[in-house]
Structures are given as structure tokens and as C-alpha cells.
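Multiple structures follow.
Below, chain A partners chain B and then partners chain C, in two separate complexes.
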Partner chain A sequence: MTREQLRQLVAEWLAAGKAVIGPVRVKPGTVLYTRLASADALLLGGWVRPANSIKEAVFPRHEVLYSYRVEGNGIELVDPAEEAREQIVIGAHPCDAAAWPILDKLFDWDYRDEQYHRRRAATTVVTMACTEHDEHCFCTSVGLGPEAERGSDAMLVEGGGEFQVRTLTEKGGALFAGCASAGGTACATTATTVAALFDPQRVAGFAREHFDDPFWRQHALACLGCGACAYTCPVCHCFDIVDEGNARGGVRARNWDACQFPMFTLHASGHNPRHAQGDRQRQRIYHKFYLYPEKFGEILCTGCGNCARNCPAGLGVLPLVSEIRDAEPVQA
Partner chain B sequence: MSGGAGTSGSSAAASLAAGASGSAASGGATSERGPGSGATSGAGVGGATGTSGARTGSGSVASGGAGASGSTGSGAGANRGTGTSGGAVSENGAFEPKIVAFVCNWCTYLGADLAGTARLEYPPNVRILRLPCTGRIDTNLVVKAFETGADAVLVSGCHPGDCHYTAGNYHARRRWMLFRHLLEVVGFDMRRIQFTWISAAEGRKFQQVITDITEQTRALGPYRPYDGAAQPAGLPDAGAVADGREPASTPAAAAETALRETAARLLSAGTVKVVIGYGANGPVFVTSAADVSRLVWNGRSRANLTTYLKRPEVRALGRPAIVVKGCDERALVVLEKESQVDRKDVHVIGMACAGMGQPKCAACDTLQPRFADETIPAGAGPEETRGADRYAAVESLLRMPPDERLAFWTAEFDRCLKCYACRQVCPLCYCERCLADKNRPQAIDTSPHRKGNFAWHLSRAIHLAGRCVGCDECTRVCPAGIDLRLLNLALAQTAETEFGYRAGMDRAAEPPVGAYSLQDKEEFIR
Partner chain C sequence: MPNLYKPDLMEVIGVRQHTPDVKSVRLRFQDADRAREFRFQVGQFGIFSAFGAGEATFNICSSSNWHDYIEFCFRRVGRVTEALWGANVGDTLGFRGPYGHGYPTDEWRGKNLIFLGGGIAMPPIRCAIWYALENRRDYGDITIVYGARTVSDLVFVDELDEWARHPGVRVIRCVDPGGETPGWNGEIGFVPTVFERARVPAGGAVSLVIGPPIMIKNTIPVLDRMGARMADVYTSLENRMKCGVGKCGRCNAGPAYVCKEGPVFTFEELRAMPVDY
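So, the complex of A and B:
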């Protein structure tokens, strides 16, 4: 289908009352995945890399878990409404979509997070195979690629000014039912080629053996301790539980949190086990390449490069891991 | 009404505000109608306790239903726990505004007391919170008051010359000039914030002020936070003003070589232990003369590196040399003034700059560093000044109607993720524990929802009032593209036009916050 036909289809989804999320230029210089107000707002074509990820569609930055009301001597707990609105994510990158199967494992492990899974079931992801990439991309280093299909319900491959639709799941098929090329797979791919830059196994190996290495503190000197990397990461999922309200009523809510904040591990005693910023940077790499794979069998990184793109100080997974790659032969 | 709520509300009030015995402040006024309703109606509006107060039967003059138990307001108050609903409603269905008055202990509180003992009648809509002095009233308390359901806020203290702490009211007056300009730029309805001087002898003035504010607020209707602000009418071009010039048109290569030579000299002589400078991808910390080739100087040398002087890991490296542009250097001046940096302990390498293509560069008048220990290129020519009006972006924002401004900021703040990159990158945000991280009590909601985001950004901005040097790092690093520089600019504008002060320009000048002048404007004070 052509761009205009795709836009028309998006307009139909919107008209049918579905929530549609896609890349939008919210202001000059800022592109974000956002709820579309109209199909015209959707950015199509060229290098479109929103600063954020699509995780917010299933794991919002702020989410009410339940509310409470105090009446006399009684306390009433109120669960949030159960229905999750049908939503469609369009124009996601394969590295964004691949994050969700990784997150599914976490949200259905020792406790099944119903709110997450309800939203997940109500969401259809349409990815766009990448025709371009930038210096921050490294999806092929973590086992993905510009047309990796993992997590996508349908994938659009642009070629010759048209999109070819690859439907990958029933949900994806339902969206594009009736479209001429639906179901087709053969297409002269225009996908970009990203060179593999490092071996995640070796990163895990380095992490395992260099917990106390001065490397971490040296290479985190520029880190300012903000959460820009974690909050724009498609798979970072740490959260904080807060109570907001007063003696008569309020909510218990879940907000994103990030391991780069000193407050993240600060004990009530005042002791902080991750005392220096280097310890926190180490935790980020550890979690992604060593701890999560050990527990769930896969790397907690999709190679999107958002961390480095958004870092005020030019850090991120790729810069740090490249240092490990370059440093390791010397160390070993 | 809910008795339980009333009880908790009044105990909170007792600890926070109305601790004094015989505080007939507003009780006196209502006692003619409802003798049993005396006491005080000082409701703890969560300024410090986080609980929104329900008043305990403070009569019902306005609603007409007198009587000992006539607590018309508390039922409605109980529904306002989260501060999202607006407007209490009286028994007859009329809107009853809730006015929160932050008053000083020595003048206005006694003025209110006098109004009570003199049996002067005034509306029971006011909740009085007594603080030692207007100089002690944190602007965050005002934000909190609105969050928890106030429809209007009054701040009132001693007349000029009357302050029992000599000058607290002068400090307050100055701080309020800044805060009011910030609120104006955000598009807040300024009719909901009043400032008055009421002495202990002015019971009548207190009566009149409360009556007027109540009536005015009644006419305005309930305060609905950030309501009707869902769709911005269109983003102003403010802030999008690009420099238009290619960054760093100076012979950057020569400057880069000179910089590396300087760094090598300093490191090998042992003058400094580390050179904090720009690298190819971000800041670098060069500790050996052999590594100076890691230093670069080009059109992407945008970061303000002075922020690293506050980081303990960097301090641990030993005496630093730091690479600054003329604009970055202003932060050093402020840090020195605030005793955060001792210039003797820092070697400053100034880089003459031709602009980095950022909006701030269009109006830059500090292309040439002025206080550096050495400047590259050495003996660079006279300071060039760009002609653009540095406050043009604020002016264009102020030309929008207030509700459009509010819509603009609502759209901006709605994108905030609370990643705190703005705070972390700021050279002047050096508190060991930020107000936003304090949770006993929770001063600012940590949630990245609209309420929490407004509270955070207003707080961030006001804490930088008269201090921000306009390096715009907060704006550069924001992943959501929020135009934070406009808030900083607004406050810088007030500091310059009202107090003739520009942060970081003059090492000897007295900062506007923490000082005062008897000539400060007070046309906004009744």
C-alpha cells in the first residue's frame, strides 16, 4: 500500500475509536511516540527515531494500582477499571517491538501483573522495517536486526515508495484484512544493514569477573545521574510504589524509577550500597547483560541506542560496552 | 459532613498553624452567628503535613445557615482529598470558595485576632495558616495549597518597616516579584493570588481583605487546576529562535591544538591533576599529559562542564582545570559567590566562542571569557556582542492570552518523564538532597502526572531565580524537548529589569535573592 493508503487506514482506526500511538513531531526538533490526535500527525518515511520508546503503551510512567477511601472507621479499597482500551502502535521500530516479549517474562514471573497483561493483550504492534540507522544503533549485536519480527503483529517494509505488509499474528492480520498485499512476504528488502559491534556473551563474562574493577568508576565519571537512559529505554522497567493522598482518601501508584538515581538504593539508615555513580552504571550493564539473562534467558537490551542518543554526557550501553570490548583483551 | 475528617483536619491545624491558645482569629468573626463554632478554622492545607484540612464548624455566615454545628464547608472539603475537584458547595448549592491565608505571626495574625475580638464579621471561607514571617513562606506552600483544593491564596505580613525580624517582609516582597512573574509566564490566573500588608492594628483591613477576596473568588468560580488546557492553541515560535549561524566559525583547529598544549603543560607541571574538557562524544577527564589528544574543541562543545565540579567522583580526582566558554563561566561566578567553589582550587581555561548554534547564542554577550586564568586563543579580540533581545522568547510567550500560555505549558509538562536530567545537568542544582527527593513530608509529588510535573518545574525554576546563568543545559538535555529555558529566562528578566542583576556577570554584584531594597516595587501588594 502507499503512504496515503496507510494514512487513510490509520484515520479509519481513529474513527473507529481506537487509540493509535505513533511517532509524532511534537515540536521542532522533538519526535516522540505519542497518541495520535489525527492520522496527519503520523510521521512516515525517512529516519524517524523518537526519543522515547513504545513501552509506555503497556507500562505507563504513572499508573494507579488502586485507590482508597476512608469513611468513618472503614476503609474501602477500589481497584482500577479493568477494561483496557484497544490500542494500536504504528511505526514502531523492530527494536521497540522486540522489547515486549522480553518484558512479558518479567511481568509474569513471581507475580502476574494483570494490568500489564490486559494492556498487552489489547495492543497491536505494527512495526516499520528500518531503512536507515544512525551511529547509535546496535540491534544486530544483541541478536536482532532492522527487520527483526519479534514482538510485532505486523511489519511494514518500505520499498519503491510503497509499503509491503507482512502480517505476523492474528491480531496483525485483523488490522490489515482486506489490504491487497496482506500476507505477502516476498519483497525486495530495503532494510538497512547494521554491523555487529560486540559480543554480549563477552560483556557478560567481563561483568561476572570484574565486579570491583576500577573500570566502572573511571568510565562513569561523565555520568550525571539522571534517568534519561532508563526512561527512554524500551526494556528498562524498574518502578517505585508511592502513596498519594491524605487521611480521607488517595491512591497507591506505580511510577517509573531508574537505577542511576542515588535514591534508588538509598537505605533508610543512610547507607547506600551503590555509593558512586560508577556502581550505578555497572548495575545497568550487569542487569542487562548478566543478571537478566541468568534469570530469564535473554539480554535486557534491544540495541535501539536510545540511551546514548538521549544521554546528556554521551554515555550509554554502546559507548560503555565498546570500552569493555576494547579493554578486555588487555585485562584478560 | 464527616466528623472524622474534621477531627484530623483540626489536629493538623493545631500543630501547624493554630497552636496558640485563644486564637480567636476567624472564630471571633463567626461567633456572633454561631457561638459554638468559635475555635479556629485554621485548616492544615497540607503545606507541611500533606493532609488537606477540613474545617471544624466555622460557622456559615455566607451560606446563611447559622448554628453551632453549621460546618458547611467540611463535607465538601472531604471530597477534595486529592485536590483534583474544584469548588466547595454550600448547602444551598452555591459555590463556596476556599481561601488559604498564609500570614505572619506578628502582624496579620494579630490583625485577624483583632478583627475577631472586635466582632468584625467576615466570611468564614478563609483558612489561616500562621507562619513566623512572610519571609519564611516557601512558594511551594502556595502550589500545595492550590493542589489540595484552595481556590485562592492570600499571603499577608507586616508593613514595610514593621517586620519583627527586621527585614523578612522585604525579602518576601522581592521573592514574590519573582514568583509572580513565573506564574504569569506559566499562565496562572493571578487574581487568585493576593499579597497584603496588614498590621496588628488593622482588624478592619483584615475584614475588608477577606471579604473582597472571598467575593472576587466567588465570582471567578472554583479553581480547576490546569483545566481546559488539553489542547494548546499552537506552539509559539518562542524558543525556536535558532542562531542561524554555523557553529564555531573561528579557527577551531588552532584553538583545539592550543587547548591540548595548555592541558599538557598544566598536567605535566602538576598544576592540576585533571583537565575537564570536551571529548569526541562527551565530557572527558584527562589525567595524563599523554592523553590530551582526547580533548576536542568544535561546534559540538555545548555542555556546561562546570556542573562536574560538584560531583564527588570528579572532586576525588584532585585539583581540576576546567574548559569553559564565556557563558559557562558565568556559572562559576555564581558557584563562587555561593561558596561552592573556591577559585583558587580551580584552574579555568576559557575558550573564545563564536556560538554553538543554540537559541541562547543569538543574544550572547559573553562570547569572550572574562575571568578565566587563561584564554584561548590568547589575547583574543574585544568582546563581541550579539544584538538579539535576550528576552524576546519570553515576550512572545507573554503576548499570548494567559489561558493559552497555560495550555502551552500543560502540553510541555505533560511530556515530562521526571528523569531529572534538567536538575542533574544544572551546575547550580547542587543540593545534596533535592526538595523533590524529600519524602518526610513529600514536598513534591514524585509522580510524573500533571500535578507532580507542574509542582516540580515551578519549584525548579524558582530555586534558580536570580541564580540561573542561562546556559540552557536543562533544555538541551531534556529528552522530551521541554522548553525549560523560557521559565529561566522569565526569572532572569525580572532579575534584570527589577533589580539590575544578571547572574554570573559581575563577581562583586549582590544577588537579588537574599538581599532587598527599600525601593523594591510593591504595586501588587495591597
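So, the complex of A and C:
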């Protein structure tokens, strides 16, 4: 499939009323996954990865859980209108798509989060195998890779100036039904090669065994506590629930939150279990590499490198790993 | 499918003010079917809300044997509790729950019970005390040591008197030095000190210790010295929560989601966990 043919297909999806999300250059130097206004806006190369992730397609940064109306002493609660609208994500990277099966487990943990799962079921993910990577990428260190198929319904693999379409699920197949180049799994690839840089078990072990280590405070000295790492992470999913409205009516909404904020764990009494930024940096790593794997058998990290790429202070998973290496040299 | 985050609507049927800044509120389910079928285990918690202000997490401090209403208790300290403070009989509040694991009251059968509480921590103990008194034959002697900074900071004071009238129940009240009033006939001192002075046989007993971190920190060594097994010493963690159902990531304490694996833990469990609460 040529670029033009792919763009034509995207135009058809848009014309059919589907919501299509893909990488767009929103301003010079900034590429974001965004709802496409037209097929022309879709960026089909020339970037390493967008500054955000595709998680907002299924887990929006702001979401109304229900609204309330007050009448005298009584209250009426109203569910938000169901979003049945079909969504297609195109041009995501494997490190974005892999995030969703990891998150499914949490959002289905005993209590099922219907809002999340409804959007998930209505969304088809078409990834593009990575042809480029940068110094922040480390997908192969967490068991993924530039062509990892996990979470993708179809994958586009660039080769010879064209895209080969690997359809991986029924949903993916339906999207490309009738395309000559669809189907098959083996085709020539120009995917990039990312070297494995560390063993995630070692990070887990460090976080567990050095829980109260002064290392974390030292590491976090540069941290501004801005939360950019969490917001741009494909798998960070912590949220807040707040009321927006007044005593007559309004909504109860869910907003993204981040463990780097001091308010995140602050008790009403004033006690804060994680009162120092180092405690909060540790939590981020501990949750991703130890707690989540213990609970769900999944590392809560896809190696996209967005944490370091977007951090104004040069922190993130990969910089931390090299610090750990310095702090705890492997015994010969 | 049901909306996980949508609360039950509750009618306020009673409000009691305990101190200048602590109230307890009784709630009844507006939905008659839900009221009939609702069950919980003492020690479980709920997410209570005032519409327009937001949600906050509290223990359900009524006994699980009471089927007409549930009760929660709070200190007026922020935006949500300020709104809850203004609730009057007839108003509508929100409730989600019950969440978490409660006290293993079946495992406690046949044992003496020791309840040690400080300040605003009485409510999550109170539900267990009532439960034990209502199933009196299942449990041995009951000792309750309850302290607060000052006499006016003690909550559920009338119930303390009521409990003390039950056979086999010893109630010891205390206030911090300087917190007493001229007519005070309770003890003066901190909970751990007063408890140690009382020479309660702790070996083989189940203890429930809830209070400010400093009280807990100083009470545990006393229990240790008095022969309590740490696997029989319980507390309820109070990590901040939003969802209550293991999604929002806020209540993580070391390797645990407090909302799902807690809030009730034994000190044997807590000693194996990093201090992240």
C-alpha cells in the first residue's frame, strides 16, 4: 500500500464518520497524537515519537463520570451519554499499543471500569513499526520492540517505499478488508534495531531493597514535580475524582493525576506518607517495576522513553537506570 | 452495565455533634431494595460525598448488625468535610461501598479483645466494639483504652459509658497531660502508658490499635512486651483514596493497594512492608 493509498483509506474512514486519531504536527517541532481533521494532517514519518501517548483515546484526561442535579433535598444522578462511536488510532507506535493490554488488567481488577472498556472495545489500533529511534528509546529492555505486535489490531511495516499491512485481529482485518497488500505476517522490513540496555528485574530489586535509601532524595533533587513523565506515559493511569459545579448541579469528573504531586497522598491530618520528592520518584519506579508486575504480571512501562524525552530536568526511567548502575555496581 | 463510580443516594436521618469539629451522620439508602440487601463487614470503608464538594473516604462506623442505617464520622478539616458538616436531616448525600476487607471477626472468636484508640480513631473501633457486644458470647473479656488530647476531643463519650456497663468490659479513658478538666475522673497520660499501667493480659488476645502514627508507634512495643502476637494485632490504614476500587493508584502502600488488600492489616503484615503509610 502506498502512502497515497493509506491516506485515501484514512479519508474514507473519516468520511464514514469514524473518529481517527494519529500523529499530527501541531506546531513546528511538536508532534502529538490528535483527532485528525483531515487525512492530510496525518504524519506518516519523519518523527521518532509524539510527545504524548494514545492512552487518552480510552482514558481521557478529563471525563465526566456522571452529572448531578439538585431539586430541594433530592438529588438526581445522570449517566453520561454512552460513547459508542467507533475510533481508529493510526500510526501509533508499538510502545503505545502495548500499553492497553497492560492497563486492561487494572481496569478489570475485580471491579470493572465500564467507561474504559467501552472505549477500548470501540477502538481499533493500527500501529506503524518503528523505522527510527532515539537515545531515549528502550522498548527491548522491557520485552517489547520496534515491531512488537502486542495490543495492535494491525501493523504497518514500511518497506520499499510502501506499507505492508499485517492484520493481527479481526478488528484490524475488517479495517483493511479489500486491500491487496493486507494479510500475511512475514514481509520485508526496515524496522529499526533498539539495543536492550538493562534488566527490569534489577530495577525492581533495587526499588524494593533500597526503599528508604538516601539515593532517592539525591536522584530527585532536580525533579520539578511537574508530572510531565506521568502525563506523557502510555501506561501511567492514576486519577483524581472531583466535583465541578455548585450546590444546584454539576458533574463529578475524573481527571488525570500524578504521583509526583505532593497533594497526591496528603492526608487530611497533614500527614503525608511521601512528603519528599524522592519518595515520590521512588513510588513511580516501584509501582512500574515491582508493584504492578507483582499484582498483574506486567511491567508498567513500555520503554517509549517519553518520561525522559519530556522531562525538563533530564530524569526518567533510563537516566535512573544508569544512576542505579552507578549506585550499585554489579559484583564481578 | 453499572457505572462503577456512581454512588447510592442516601438520606440523612441523624446528625450528632461530638466535639467542636467532629460529627457523625446516619444515612439510609433511598432505594428500598438496596437498603434491604446491603451488607458489610465491620472495618470496611465507604466513599461518602456531598454533591458539589466531592468525595471522601471514611470507615463505616456503625455495626454490621444494624440494618436501618449506616453511620460515618468525620472531622471538619477541608472542602468535602465542610460540606458534610452542613448536612441536615432530610438532605441527600452519596455513598459508594462497602470497600476493602473488614476485621476478621470470625477468627477473633473465643479470644479476649483489646481496643486501643486515639482521638478521631474511635469510629473504626466503635463498629467492632458494638459488633463484639452484640455477639457477646463469641468473645472473651473486652478492654477498651481510649484517649484524646483533651476531654473535649473524645468522641462517642456516651457510648463509652454504655459499654462500661456490660459485664466483662473494662473501659479506660485518658487524656494527654494538660488536657484534663477539673471534674475529669479518667486517667491522665498517653494511650500506650495508660494501657501498660492497666496490666491487661495481652497474650492470646486480639488487639485493634488505631490512632495517630505516634500513638501506634509507641503502643506496639508495649503490646510486644505484654506478650501479644503481632499476627493478632490489627490496625486500619488511612491512606488517601479516590476510587476505592484499586484503579486510581493513590493508596499504594509499598506492595499493597490499601483499598483492596486493606484497610485492615496485622502488624505482622505491616512489619514485612516498607513504611509508606
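Here is the rule we go by: the second predicted complex is superposed on the first by the 326 of 332 C-alpha atoms of A that agree within 3 Å, B and C clash if a C-alpha of one lies under 4 Å from a C-alpha of the other, contacts with A are read in each partner's own complex, and residues count from 1 in each chain.
Note that contacts are C-beta pairs under 8 Å (C-beta built on N, C-alpha and C of every residue); 3 or more make two chains touch, one makes a residue touch a chain.
Remember, it's a predicted structure, so these values are computed and weren't measured experimentally.
S.K.: Put chain B and chain C onto chain A via the superposition and say whether they clash or fit.
M.R.: fit
S.K.: For A:197, is the partner it touches chain B (first), chain C (second), both, or none of the two (neither)?
M.R.: In the superposed model, A:197 contacts neither chain B nor chain C.
S.K.: What is the contact status of A:240 with respect to chain B (first) and chain C (second): first, second, both, or neither?
M.R.: both
S.K.: So, does A:111 touch the first partner chain B, the second partner chain C, both, or neither?
M.R.: A:111 contacts chain C only, not chain B.
S.K.: Taking the superposition as given, does A:327 touch the first partner, chain B, the second, chain C, both, or neither?
M.R.: In the superposition, A:327 contacts neither chain B nor chain C.
S.K.: Go through the superposed model and pick first if A:28 touches only chain B, second if only chain C, both, or neither.
M.R.: So A:28 only meets chain B here.
S.K.: Contacts for A:250 in the overlay, against chain B (first) and chain C (second): which applies, first, second, both or neither?
M.R.: both
S.K.: Go through the superposed model and pick first if A:41 touches only chain B, second if only chain C, both, or neither.
M.R.: In the superposition, A:41 contacts neither chain B nor chain C.
S.K.: Once the shared chain is lined up, is A:70 touching chain B (first), chain C (second), both, or neither of them?
M.R.: A:70 contacts both chain B and chain C.
S.K.: After the fit on chain A, how big is the angle at chain A between chain B and chain C, using C-alpha centres and going to the nearest 10 degrees?
M.R.: Nearest-10 rounding gives 80 degrees.
S.K.: Minimum Cα separation, chain B versus chain C, post-superposition (Å)?
M.R.: Taking the overlay as described at the top, chain B lies 5 Å from chain C at its nearest C-alpha.
S.K.: For chain A, which residues belong to both interfaces, chain B and chain C?
M.R.: Shared contact residues on chain A: 70, 73, 240, 242, 245-248, 250.
S.K.: If you look only at chain C, which of its residues touch chain A in the complex?
M.R.: 1-7, 9, 49, 51-56, 75, 77-78, 81, 90-92, 94, 212-213, 238-240, 242-243, 245-250, 252-255, 257, 260, 274-277
S.K.: Can you check the complex and tell me which residues of chain A touch chain C?
M.R.: Contacts found on chain A: 65-66, 68, 70, 73-75, 77, 79, 106-107, 109-115, 211-212, 237-243, 245-248, 250, 252, 254, 257, 259, 264-269, 271, 273-274, 279, 283, 286-287, 290-291, 294-295.
S.K.: Which positions of chain A touch chain B when the two form their complex?
M.R.: Of all residues in chain A, those touching chain B are 26-30, 32, 51-52, 61-62, 70-73, 217, 220-222, 224-228, 230-232, 240, 242, 244-251, 253, 255-256, 258, 261, 263, 276-278, 310-315, 319.
S.K.: So in the complex, the part of chain B that touches chain A is made up of which residues?
M.R.: Touching chain A: residues 2, 4-5, 8, 46, 50-52, 54, 78, 81-82, 148, 235, 240, 279, 281-285, 303, 307-308, 311-314, 317, 415, 417-421, 423-425, 437, 442, 445-449, 452, 473, 476-477, 479-481 of chain B.
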